[in-house]
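In the two complexes below, chain A is the common chain; its partner is chain B in one and chain C in the other.
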Partner chain A sequence: MTGYLIRRVGQAIVVVFGVVLLTFILSRIIPGGAARAALGPKATPLQIHTFNVANHYNVSIYQQFWIYCWDIVRHFYLGYSYKYNQSVVSLIEGRIPKTLVLVGLSTLFALIVAIPLGVLQVVRRNTPVDYILTGASFVGYAMPAFLLGELLILWFAIDLHWFQFEAPQSTSVIGILSDPAGLVLPIFSLAALTIAAFSRYMRSSMMEALTEDYIRTARAKGASPTRVLFRHALRNALIPIITLLGLTLPAIVGGAIITETVFNYPGMGLLTTNAATQNDVPLLIGTTFIAAIATVVGNLIADVLYAVVDPRVRYA
Partner chain B sequence: MNSLRWTRQGRHAVAASAVVAVLALAACGGGSSAGGTTGATGQATSGGTVYFAEGAQAAPNYIFPFAALQYFSTTNLNQFQMLMYRPLYWFGKGATPDLNLPLSLANAPKYSDGGKTITVTMKPYKWSNGETVTAQDVVFWMNMMKVEKLNWAGYAAGTIPDDLASVTASGNTVTFTLNTNANSNWYTYNELSQITPMPMAWDISAAGQKSGSEACGTASFQDVTVTSTSSTVTPVSAAAKSCAAVYTYLTGQAKKLSSYATSPLWAVVDGPWKLTHFDTSGNVTMVPNPKYSGPVKPKLAKFVELPFTSDSAEFNALAAGKVDVGYVPPQDISSNATTTGTCGIKPGANNPRLANYNIVAGSTWQINYFPENFNSTGNGGNAGKIFDQLYFRQAFQMLVNQPVYIQHIFKGYGVPTYGPVPVCPQNSFASSELSLGNPYAYNPTKAKALLKANGWTVKPGGTDTCNDASKCGVPAGTPLDLDLQYVSGSVSEDQLMQAEKSSWAQAGIHVNMTTGTFDTVLGNAVPCGSSSSNCSWQMANWGGGWIFAPDYYPSGEDLFQTGAGSNSGSYSDKTMDSLIDATTKGNSSLSQYEVYGAKQLPVIWQPIGLTATEINKKLAGVTPLNPLTNINPETWYFTK
Partner chain C sequence: MSAGAAVEPGAPGPAPAGGEAQQQVSGGLTLQLFRVFAENRLAVLGAAVIVLMVLFCFLGPVFYHTNQTNTQKALLTAPANAPPSSKYPLGTDESGFDMLGRIMYGGQISLEVGFAAAGIATLLGVLVGAVSGFFGGVVDTLLMRFVDVLLSVPLLYLLIVLAVIFHPSVEILILVIGLTAWLVPARLVRGETLSLRVREFVQAVRVMGGGGGRIVLRHIIPNTIGTIIVNATFQVADAILLLAALGFIGLGVPSPKTDWGSMISVGVNYADSGDWWEIYPTGLAIVLIVVAFNFVGDALRDAFEVRLQRR
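Here is the complex of A and B:
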């Protein structure tokens, strides 16, 4: 396992480097250049030249990339966003905790709801309960996130005044968590899709697990249906879910652009989208860098957890 | 936006409704309104907190008034800095763009010596630290401009400070001596408008220094000497070097957003408001500056600006009653406004969810257009030649049905553009001839006839072809097939472009439309020569045209003069050049230039979509809306 981990970390470094390099190169071919994107297209040639010199855009692309990488190694400096007038690191530092809270809590909520729902659907399979829950899952899966969010705000916040119309506006994690009422609607809005998806995964995973030989053996040995379900089938059925969780880490870090937009909650989703649409080159590279790290780490965690949970899996 | 941004060289309103919303959220007392109920009635009260909606994703992020181009935006200047740091001259009186002397820091500038000498007398204003706003504070700004002009957003070669022979301060009088004559209106509205006096408390280069420690603020303009090349400015004298050091320090402090409300530096204000809270999300809280010397003291206890991630998030805040002054996104306007005359807008019934608000509309000081690239190599090298033909531009413009688009796409919340000077709001600069109407009103019959008369075989719904090169101006067989890239992400812009495409098609002008982000469209629409390797773009529409701020005098030297930096399409006409020169250097009014520009069609004029402002029914003093995007919350008050 140690050797496997070392190899995977090495691969991860290569992948992240490749992603950053590709993004860096692509960012240099944006029409107009980073200077024009930052200054506006009517910047005079003189102002563009001044900007380029100040930000090293006047040297070769190799030198630019070297400077960029060296700044990361020395100070973990990912550049400066002139659109926000903040360093990329401070922008990401400010947004990631908010995103982790929102998306993390919604994923947790989705799991808490989806796993029992999936089990219930298996226990009551091919009954009206199963059909209703399946239908609800499809509706949840198909519902556009922005529509669900706006409807929830309209009904529960503006008309009924049960909840707030926007997510907590605090910039600190403690401030956000101390306003749980503000988190209800955005978490539910974001979790709806995940509940639908995870409950379907759980249902099929459980059904597959219940057909295995060890289940028949357990029953033959006199195990109760509850013991068979929760002690034997569920634990094995959770393995794919754990894998999926690892693969959702990039999404957790990457944010939820639509939920953030509807619920007035600026997180990583909006930050990344704005970086792309506004040609904010340093921020675009920085958020891509973070997303790449999250992706490779998520994959690694998924693989490791898979081996931990399933003793049959061993990595050389 | 989006990001929200305009510069002296490129005051392109961001296509997104955020900027249009920001433009509509301006207020100044007095004057006529463009339309709508004008606010609360009832007994005025003191105190209270007003919540003001910032444009979607358009939060302020720069506090230092001497801003570089990337920070020069409506959000930063008109809705943030100017509430604390007053510019030398305030523009926007009621619903007009006129110079507002009562709110200015100085009396009217006096021009003498053929317009080469300008005398400015300061009024007795005080900084919040007790110091007087003096003539030397103006010189401080000018000294900074001399050394750091390359970092000043408003700088263009040959204009302020390059056009100054000297700037002297004596008592409370500043005297500017120009190198050459200048039109007094142009110089007041476009050059003096760029000056914001700075306090001596900012004349430092490190924390803890005493006020005025560096020589930048106290030196005379003559003592600040630099050597300049085409791309560098090098400080020479000690005073100049101190200006460079002060600039470095202040810009460094301006990058520490979390310290804006606590830094003693930014606490020295001369405006009616001072900052008590600012965070990186864009939440801003201001309270009245008790030392404000201006004519109107704030009645509110607090002024709070709220950031929003989207128009819909802002609308939800309005519907929940969280915001006192906001805007209604176009998709949430439930009933059209009606147009009265050219500029009058009478709002329709408000959205039922906004029953506690009055809906108001006001024109903005801008023109809307998109450029054609006169040097374009597109369409087999013929696109530029097609655009060169006045008859084509006339036919093309005559197929743009501005009144219909305003009514059906903008739901009545819009005004037309006829030429290079805004016709709305009604103003003293607009020509009386153009006030009578559009010289190229919608007339598809005339457009088709014009094309036919100039050698085109007109195929409505198809693509015209040139059958007589001597009349067309392009080779025979050339199709009238053109490309236009426009900004994505705006429903109204999408609808407008598709409507125009259909309209052009009825005269056989086939326009291929593509979309791009705001920055992409702007990045593509740059002046280029036909011999350059990349001059194939033909038409580009970033959705917002040009906002006249801080160059409030709509002369055309940045837009339509040959070689001007913002002359995207490389339009060049000797008559236009001399008419523009007459408005900037001579004493001509804008009238001749305006009429010529309207008729010559250097660009294709477009309607301007406005955003409807929502004002709490209990809040008064907000209207009429200022067309220059300035807000004056010191005039606002709650009623009971």
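Here is the complex of A and C:
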């Protein structure tokens, strides 16, 4: 286990370094230069020169990269937003927990809904229930997240008045959590795609598990159909869900941008769309960096969990 | 409508790959492929929807003339946010553009971007995957670590940064989506290449003096065609959805051009006050085309699997 852990962490560190390199490249490829983008088209040559010196744009590209890495490692400095006149980290900081809450709760919700749905489809396979759920998951795949969010607002907030049309606007995580009714629609709309993907996966992986030899053995030994289904098939079909969760994480984190924008949820995704409309490139690169790091960490946790659950991985 | 379906799996069928022996049976296999595909009613339905939607968007404006480019004229001559009527079958939007015509007009761009971006992503992914898998070693390690890095960045974040840095236009959107979506095909093709490169026919080419480039382009890639086509089908659906998401955020094609996502983004403001026609028909168009591509992709995957089994 220790060997596997060390190898996997080493791999994650390589990817993190790659992410740093990628965000560095993104911050240097702005057409016309970063100075022009930050100071606007009316900046004088002197202003641009001063900007370039202050931000070390006047040294060689290798030195620039070295300074960029060092700033991140030493001060966790990710750049400066000229639109907000604030450091990028100070802008993102307070929003990370809120996005984590949204992503975490909707992933949890997706699992709670998708696993029983998949099992139900296997139990009732090739019946109308199965067909309807398969059809629903196809539509779930094809429905743009923003459209679903807007429709939910239209139906359940504006027409029926069941929920607010906006997510809780509190500045603290506790404030947001203390208003669960306001979280229902955002969580559901972010979870929809994951539910569609996971339930389809559960259905096919349960069907596959049911053809395995150990299922035949269990049946031969006289285990009841329920026991075979839940103790033998389900438990084995569940293991790969952990990997699938790790793989879906980037899509969920990315999807949070849309959900937060639709519901005006004050997280990192909303900050990103605001930055996009204001052409705030340093802030965009900062949120991209944080989102990527969060994904790498999430994937690492998923892989370690997988090794804990399935001993075959550890010794491979 | 089955004629439309026949083109897709049929076109790349006779691969020049395995020499004459394979080419002789290839026609039969393509036929088999088509038969399995045609038996799947959902797939035929999906193919029909795709063909109809393409005809609707690209040929529709020939028969149904509307002004979709002159904002000033639209504002002056047509009522804004008008409900559906005999003159405007699906009403008008906030600028007075006819919605039915606008769905065609926006659909052209959504479909163009979808097909072109999927094409770029597939081409790039196939090349990277085949080269990486075939040559192995340092090349493979470097390319696959690069893929790992890009896969760990949530796609939408990367797309938004690139779209903002380079300012969205149709060409930039195609490039940005295409150049970020090739990771999955690269991994798939690499996996297949790893098993193909040790097969006898590759060794035979080597013995006859065929170089690495020739083996990859003429022998490895044609043999992964099933995987490539299936994935490309899903890529089109994904690209259409990604463009819609960018359009919703305000990073779609700049006005007066439009795409389906941008149209919904505009229409949503009025749908809140009951103007349903500004989002429902456009939303339906997106969902329909994406479901259709997914149906076709699933059926093609089944068809290729069956073909491989019978081989």
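By our rule, the second predicted complex is superposed on the first by the 276 of 316 C-alpha atoms of A that agree within 3 Å, B and C clash if a C-alpha of one lies under 4 Å from a C-alpha of the other, contacts with A are read in each partner's own complex, and residues count from 1 in each chain.
Quick note on the criterion: a residue touches a chain if its C-beta (ideal position, glycine included) is under 8 Å from a C-beta of that chain, and two chains touch if they have at least 3 such contacts.
Remember, predicted model here, so these are calculated numbers, not experimental data.
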Exercise for the section: Based on the superposed arrangement, let me know which partner A:A291 touches: chain B (first), chain C (second), both, or neither? Expected result: second
Exercise for the section: Could you say whether A:E150 touches chain B, chain C, both of them, or neither, answering first, second, both or neither? Expected result: both
Handout entry: Touched partner set for A:L283, first chain B, second chain C, both or neither
Key = neither
Practice task
Using the touch definition from the top, say if A:T261 reaches chain B (first), chain C (second), both or neither.
Solution key: both
Exercise for the section: Have a look at where A:I158 lands relative to chain B and chain C in the superposition and call it first, second, both or neither. Expected result: both
Practice task
Please indicate which partner A:I187 is in contact with in the superposed arrangement: first for chain B, second for chain C, both, or neither.
Solution key: neither
Exercise for the section: May I ask you to decide whether A:L39 touches chain B, chain C, both, or neither, giving the answer as first, second, both or neither? Expected result: first
Practice task
List the residues of chain A that touch chain B in one complex and chain C in the other.
Solution key: 30-31, 146, 150, 153, 158, 261, 277, 279
Practice task
Would you mind writing out the residues of chain B in touch with chain A in their complex?
Solution key: 1-3, 5-7, 9-12, 57, 61-62, 68-71, 150-151, 155-157, 230-231, 254-255, 257, 279-281, 283, 307-310, 312-313, 316-317, 319-320, 322, 353, 489, 517-520, 522-526, 558, 565-566, 568
Exercise for the section: Please name which positions on chain C make contact with chain A in the complex. Expected result: 145-146, 148-158, 160-166, 237, 241, 244-245, 248-251, 261, 264-265, 268, 271-272, 279, 283, 286-288, 290-291, 294-295
Practice task
Would you pull the chain A residues touching chain B in the complex into a rising list?
Solution key: 30-33, 36-44, 46-47, 49-51, 82-86, 90, 94, 146, 150, 153, 157-158, 165-166, 169, 171, 260-266, 270, 274, 277-279
Practice task
Please name which positions on chain A make contact with chain C in the complex.
Solution key: 11, 14-15, 18-19, 21-22, 26, 29-31, 138-139, 141-147, 150-151, 153-154, 158, 250-251, 253-255, 257-258, 261, 272-273, 275-277, 279, 281, 284-285, 287-288, 291-292, 295-296, 299
